[in-house]
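Two complexes are shown next, each including subunit A; its partner changes from subunit B in the first to subunit C in the second.
== the complex of A and B ==
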């Protein structure tokens, strides 16, 4: 056979198979799907935030109406789900930080481990304060 | 040495006769110290010579014998039969088209590896008379872990992102790109930047970490990808210079 001849047509192949346990049968794949799903709920959270800012700009009556709307069980449940997914995202993101910390990044020297401890701590503190504030605003705490 | 019968379910695909892959069962008399690859070789030698599978070194170095054993991507030369209970199911690596039986199509994998230019890129090669490129132990430590990859493709078989996005550059290729970007002798990260920064590059990874779990050489490609994300961002933001003179 001439070296210039076209190569032989490829053998028929069977299509690639998904990994065993994909997408929901194995906990790391479930985490992957859940992490992807956080984007939807965080977008929903952003929409609610924009709604709040819009209501603030429309005067006191609009703000009171917004608050009344947010106090409905449906909105409370939605807010709780958004909060849970946001927390999940933050925890996963902090976990990625642990991996990034392992090496030197170009000319930037290896960051000290305490930097990440102190980096995670403020996020945790902020979330705790946020939760307490939500409980106070929700009337669950005096 | 004592022999014991073990049942193997092996996925078969013969393109000339099978429309879909099908499982075929074999009973093999295994010795206590056999690995799954020994059993596959015994099937091919003594039971069914039509069975096709890849292997070469039998010592976890060449990366040829990667397959799914009971659903997990492993090097079959390092997977002892005694560690499994009941029937052992052997399948070709997931996320790759199947050429025949346990042999998968690796062209796409090799092309992805080539895309990231996994070699040292220099503007000017030194003359031989100037001696070798010197590197300290500390400089070697920065990338050595990522240079241990044997291209076995187990990480690709485990990756959920690849199951959804087949064009994703993938763990091994990104780990290799990161390895050369970290190498003090290399000046080519600007050439690798477009691939790593592309739609199919580092940001497609959402860190399932399964690639690092199955890596037989403990390369930790998930770590390489997350570090590459940060490096990529710093280069994009011009906080880090892109090493290139080409």
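== the complex of A and C ==
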């Protein structure tokens, strides 16, 4: 057999296993689980928004019935929990992003602002966008 | 599973785009459509004819399908990898097909519902 045809030796590795105490034994694990849970709640939020579009397509009576249903305490509580998890996702997303902006990953030069500002700036941008979108939804902007 | 692994760059593009899309738009949509409008805080802005006009506008349609589908794909990828962390690689096929299947079903539903407006 030529050297060219010989296969490269495979590196033997131990099977992957979870660290001790995962997923609830340590606060960083719990934060990680909480962050994963945001995806479940954001999926639920998308399903509720799909329900809103469905009601909108069914006519005015269905739209009014949808709004009346969403005003019930159980649905309002669910929507509020979905919103809280989404906000947690956004804050954590922005907080990870500041490390990328600060050059912690790769050869990007560190920006000449404190780390706190690099985290607050994207959240400020998100808040501005939410305000514009809410003004459009509320009928204050065309 | 080979196809799932081969498409990993695509899942990552959808995951990244969905994360940013969720940050940009999702909280305001949830707050506006699911909380403030049913409570009649901004009810006049989303009376039926105006809500329909906004959603049925070509830009509104593109916006709704893009936001909902990208967020769903982001969530699907996140949940797939979380399932691997919790249940190990024996759960990989079920995690991949269930999460991506859910995102695909949501994308198709969004497209159908928005097209019917």
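Odds and ends about this structure:
Assume the second predicted complex is superposed on the first by the 83 of 142 C-alpha atoms of A that agree within 3 Å, B and C clash if a C-alpha of one lies under 4 Å from a C-alpha of the other, contacts with A are read in each partner's own complex, and residues count from 1 in each chain.
Following the convention adopted for this analysis, contacts are C-beta pairs under 8 Å (C-beta built on N, C-alpha and C of every residue); 3 or more make two chains touch, one makes a residue touch a chain.
Note that the structure is a prediction, hence the values are computed from the model and not measured.
Touch criterion not met for A:73: it reaches neither subunit B nor subunit C. Legend: residue contacts after superposition of the two complexes on their common chain; A:54 is shown touching subunit C, with no touch to subunit B. Once the two complexes are laid over each other on the shared chain, residue contacts for A:36 go to subunit B and to subunit C alike. Here subunit B and subunit C are compared by how many residues of subunit A each touches, and C touches more. Look at A:16: by the touch rule set out above, it reaches both subunit B and subunit C.
In the superposition on chain A, the residues of subunit A contacted by subunit B and by subunit C overlap at 16-18, 22-23, 33, 36. Partner subunit B is touched in their complex by these residues of subunit A: 11-23, 28-29, 31-33, 35-36, 92, 95-96, 99-100, 102-108. Those residues of subunit A that touch subunit C in the complex are listed here as 16-18, 22-23, 33, 36, 38-40, 42-43, 45-50, 52-54, 56-57, 59-60, 63-64, 67-68, 70-71, 75-76, 79-80, 82-83, 86-87, 89-90, 93-94, 122, 126, 129-131, 133-134, 136-140.
Across the complex, subunit C meets subunit A through its residues 19, 22-39, 42-46, 48-52, 54-55, 64, 68, 71-72, 74-76, 78-79, 82, 85-86, 88-89, 102, 106, 109-110, 113-114, 116-117.
Against subunit A, the residues of subunit B that register as touching in their complex are 13, 15, 18, 20-21, 68, 71-73, 91-92, 94-100, 105, 142, 157-161, 163, 166, 182, 206-210, 213, 220, 222-223, 226-227, 229-231, 234, 240.
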